[in-house]
Amino acid sequence: MQEAISFTPQLAASPITGILWLIPVLPIVASGVIALLTQPKRKAAATLSIGSLGVSLLLSLVAFVHVVAGWAHGVAVRETVNFNWLQFGATNVELGWILDPLSAIMLVMVSFVGLLIFIYSVGYMEHDENFTRFFCFLSLFAGAMVGVVISNSILLLFMNWELVGLTSYLLIGFWYQKPSAAAAAKKAFLTTRVGDVFFLLGMVWLFAQSGTLLFYNHGAGSMEGWALAGLLSEHAAFGLTAAGAIGLLIFAGAAGKSGQLPLHVWLPDAMEGPTPVSALIHAATMVAAGVYLVARVYPLMQAGALTGGTTTALTVVTWVGASTAVFAALIAVAQNDVKRILAYSTVSQLGYMMAGLGLGGVAVGMFHLITHAFFKALLFMGAGSVIHGCHEEQDVRRMGGLWSKMPLTFATYAIGMLALCGFPLVFSGFWSKDGILEAAQHWSVAKTPFYMLVFGALLTAFYMTRQVSYVFFGHFRGHKTAHESPSVMTVPLAILAFFAIALGVIGTPAWPWFRAFLEGRAAGFDLHGFAEPGLLALMATSSLVVFLGLGLGWSLYGNKSPKAEAPDALEASVPWIWVVLHNKFYVDEFYGVTVIAFYAWWARVADWLDRRVWGGAVTGVAWSFGLWAQLNRFLDTSVVDGGFDKGCEELSTGGGLLAQVESGRVQTYLRILALAVVALVAILIWSARA
Amino acid sequence: MTPLTGYLLVAALLFAMGLAGALVRRNAILVLIGIELMLNAANLNFIAFWRYGPHPEALTGMMFAIFSIAIAAAEAAVGLGLVIAIYRHAQTTDLDKMNRMKG
Amino acid sequence: MITTMDQIFVLLQHWIVGFLPAFVQPFAAVLLSVVVIICLFPALFALAVWMERKGLGRMQNRLGPNRVGPFGLLQPIADGIKSLTKEDIVPLSADTPVHFLAPLLLVVAAFMGFAVLPMGRNMVLVDMDAGLLFFFAMGASTEVSVFMAGWSSRNKYSLLGAMRAVAQMISYEVVLLLSSVAVVMISGSMSLTKIVEAQNHYTWGMPHWYIFTPWGLAGFVMYAIAATAETNRSPFDLPEGESELVAGYHTEYSGFKFALFFLGEYLAMFSISGLGTTLFLGGWSAPFAFLEWVPSWIWFFSKLMMSIFVFIWMRGTLPRLRQDQLMNFAWKFVLPFTLLNLMVTALWRFMGEGWERWVVCSAILAVVWVVMGRVEMRSEHFGPRSYRYAE
Amino acid sequence: MTVVFYLIATLTLAGGLAAVLLKHLVHCALAVTVAFGGLALLFLSLDAQFAGFAQILVYIGAVAILIVFAILLTRGSELPKDGVFSRTWLVGLAIAAGVFSVLGWAVLESAQSLPQQSAVPAVTVHDIGNALVGRYVLPLEIVALLLTAATIGAVIVALHEKDGAQ
């Protein structure tokens, strides 16, 4: 670790921070305008959304350059613009946006990947009749996502967070005429809502404790100074401080969005949406928003840790992340849908990021987020290109030998795949994954996460090899002939492929530019970075693991051309594992017989209560009224004769009054109301006098 | 009699008149007129208490009255819309004949 | 000397009131001003009627009145004598008290509006903090009297005319109010004197009238349209369209009552022009800095007469609209544009001094004006008519 | 307790009474307009200029007109055949009298504890505007929302069921 040069914090907002709000607002406005367009105006819709996001990208780059320039001059840029939104009595509800290294780097990533995917979508959605609607939603999503990134107020973040969730719902269910898509959209919406409830609770608690919604506000925000100290002194249950408990609640929200165990079930189903959506929302940006959120509230999680130590909250994050990484990777081994394999891979990689955050801090997790965003978007778009080329076929068993038919797609896909596997030295994935492994190795609490993550790396290499050999090697097993996609789709692929390789440069141990940038330290090129004890051994181990995975995969699946219906190689050798994995550990079924069954049971109980208990009570009341009337009649007919005319009249008026209670006349009700007011006022005054 | 008592008595009388109108007239529109009168009587109370209360600069009573005027406009629009809709349906605005909700 | 000329009426009032005992002085001062207003505006009414008849005649290639007095100048007096001596006919089935009260209420409400109009420097009857609100409150009351007139006559033409008038006045009153709100937003006051004073400044000899700002111009145009409709003037004179409704809500009025309606209509025109002058045209302030020596009341009344002339001019030029066109125009063009103007005004207020706000505000208004105009023209608002109030 | 107060109060109460008692619906509407006007004058006599003018603008300018329209649209201007008062008018009257006696009793009962006189509050339209967009901004927004909803609701309720257009 290099010694920190003393960076001076900069707080006053610069012009670029002043107009930072334009970055999310432009795409949102574009989406509003597109919503007003009619369906045939495809070109206008595409131009608008791509243009607005392009301008946003330019602004993001300006912001990024501003931050980098400040950093180069020894200024840790953290500029905020805050304003008061609402005032209830003495309580202020404040909103604001922030420009710091974390948000700057996310801004550039989101708008850049987003722009590429927008361009790609023009080709992919070419024949869809709801082209303009698609771009409307996509623009709205991009705006909201950028909004999440720049929010300096947890409330503003939450608003954008929900907006992102809404657009995700709309886009998963974009082909709503397919029942599976509609169901998947509903599932995604409801599952993430479970997490969001916890997020909301955490937000309310944070507001109640610290009295501010802002993250950073010149020392008065909830992430700095005395607010944190106050949160630390408060003790919640299970030995957690309030800070840790709030952090965990917010992490639950992040887990919902980022598909962490046990809320991962929606993400694979979300692949029912169009492939650009999967690439943008369910691989590169929205699912990463959870990771970003944890990074944003990291001071909360970390608060109270001794030097080199960790906190309960971070330990939980680590365990959840590591388990998710292995769990999802295992499932990915036995899937046949090309997009589902990638989806489980995404869940697994998100687990890596979370584990990275828990183990080694913001920089480790965020670096994997950035590299992953590029290569996973690349893989999804490659998969989309394959699906497009194979005429909407998604089953890997019906593909094969595509490398000669779609050379560009194959080349870029291979790059993405190697980056994801963490192929040594050349690809960015290697460096970011290595950072996480290194942090895991040095973790003070337990070594198990390290072994889990290594095992996950092995699995990753294995299932990716399986997929690639299914899709690109062997003989073609489909029905129609495949073709290469248009250049509007392949050019973004090439650009992303370049970054999938090149991004590794900024995170090598020799030049930890990324980490230094995020942590506000100076970065220098120093080959001695490799000389840290155990580092080279670790690199060797992880390379070995990767090669092992690649070799294992190739030996099982490589260049064999089974018929489409033939059983999988793994299925043939160890069937029981295959069955368990293929059925995703029966998590959906488990939820089906527990949570959903419980709700269904509860609904039946409520229904029964409605029908029998409350309904019975109402019927009972009606019966008693009837009885009362019967009694009256009895008195009328039998007792009257003796000459009780007067008393009888009174009784019948009594019965009449009771019947009039439900006369259906407005004025009767009003009359009773007035009488009640009279009684109430009389009682009030009487009691006041007494 | 102090001024405030005078205003309060006028308001109470007006309220009672409105209530009587709402209770004794057959026509639904007249019932609405009665309700408007009652609302106005309440407003008069608010304003009177604002004027003679200890903190007129806090504007609480005044604001209440202003908001109540705004809401009364909405109430009148919706109420009369309902009356017209019922009239279209039943060809009458006589409340004595409107008892289809009878229990 | 200049000040004396400017304040001559104020000084005159003080001088007359000075003769009276102290305890009646406040009442006397108010009474005096009221009397002057009550005499002055009917005189202006006579002049305006002459102007209208003569001007319309000229526009239609006729001579107009030319028998009574020089250039027919005494024609209004002859008309007045005629209506005073005519028989006052009340229909047999008419609701007599309401029929009688309607013209009175109309004229009273029309006169009330003048109470808050500043007709010159220090020349305002009551300088009310909520003057603008008072003005509109009084304007709203005329609708009731119009309805009373139409309903009590027991004549279908009267009733139809009244319903048309009321519907039209309600629709356009919203616009009238909202376009004035823009002025309130900038001047920060509802007091009409303060609004005039806010405009009584000069840069390079040019006045700071609100009409010389983008939002002010748009607001003034909207205000003028709404004012024309509010006073039932052509091209929005459907409530009394002779060819359709005989004479609208005052069909069954004759003699002096009819004259009162006639008077009320012109008074409404005066007061609404006076308000427009106050809000957008700088009230009594001079159009150029070097003309400030001319007494302020002269400016006010010349601006007033100018707007009356514009009213007459429009009547001579434009054909009458149809009821559905009128309503569509109000709700689908004028009202949205006025709302937009409000937002632009807010933008103007918060953009601060500088040339940028001129460009931005003018651009927004111009673009929306053109686009909305095109869309409205293309849509089918000018198709077959649909009846709403005359089923 | 000046003569002016008694005059205005009499006017208001007479208007209210006439609105309740008159046979003809249009007359009732006109009478209630008088009552509204009287109330506005009462507001003015309580130094509440803004509320008074708002009362005239909203009640006389809009609500009264709305009532009149509703009366004409429901043919309410024709006299009903079977009386204007409902069958149970006596009960209603009794209840109204009860309400008034309780309210009046409450007022008179607490008359001693009520404040006697106070200075005219120095409240300008400017203050009201500031309060509306400051302390009361949330109610203001809610009222705006409510008015929008009410407008839409009224339009939908009053729509022709058959043709659906207009």
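We call the chains A, B, C and D, going by the order they appear; numbering starts again at 1 in every chain.
Please note the rule applied: contacts are C-beta pairs under 8 Å (C-beta built on N, C-alpha and C of every residue); 3 or more make two chains touch, one makes a residue touch a chain.
This one's a predicted model, so the numbers in the text were calculated from it and none came from an experiment.
Under the contact definition stated at the top, the chains bordering both chain A and chain D are B. By number of C-beta pairs in contact, the leading pair of chains is B-D. For the pair chain B and chain C, the distance between mean C-alpha positions equals 33 Å. Chain centres here are Cα averages; for chain A and chain C they lie 60 Å apart. Averaged C-alpha coordinates put the centre of chain B at 5 Å from the centre of chain D.
Chain centres here are Cα means. That of chain C falls 28 Å from that of chain D. In chain B, the positions touching at least two other chains are 19, 23, 95-96.
Contact of a single residue of chain A with at least two other chains is seen at positions 667, 671, 674. Within chain D, the positions touching two or more other chains are listed as 50, 54, 62, 69, 86, 91-92, 95-96, 99, 103. Contacting chain pairs (ordered by label): A-B, A-D, B-D, C-D. Chain contact summary for the complex, chain B toward chain D: residues 1-10, 12-21, 23-27, 29-30, 32-34, 36-37, 40, 43-44, 47-48, 50-54, 56-57, 59, 62-63, 65-67, 69-78, 80-85, 87-89, 93-96. Of all the residues in chain D, the ones that touch chain C in their complex are 26-27, 30, 33, 37, 40, 49-50, 53-54, 56-57, 60-62, 64-65, 68-69, 72, 77, 124-126, 166.
Only residues 661-667, 670-671, 674 of chain A touch chain B when the two sit together in their complex.
Against chain A, in their complex, chain B makes its touches with residues 19, 22-23, 28, 31, 95-96, 98-103. Touching chain A in their complex are the following residues of chain D: 86, 88, 91-92, 95-96, 98-99, 102-103, 105-106, 109, 134-135, 137-138.
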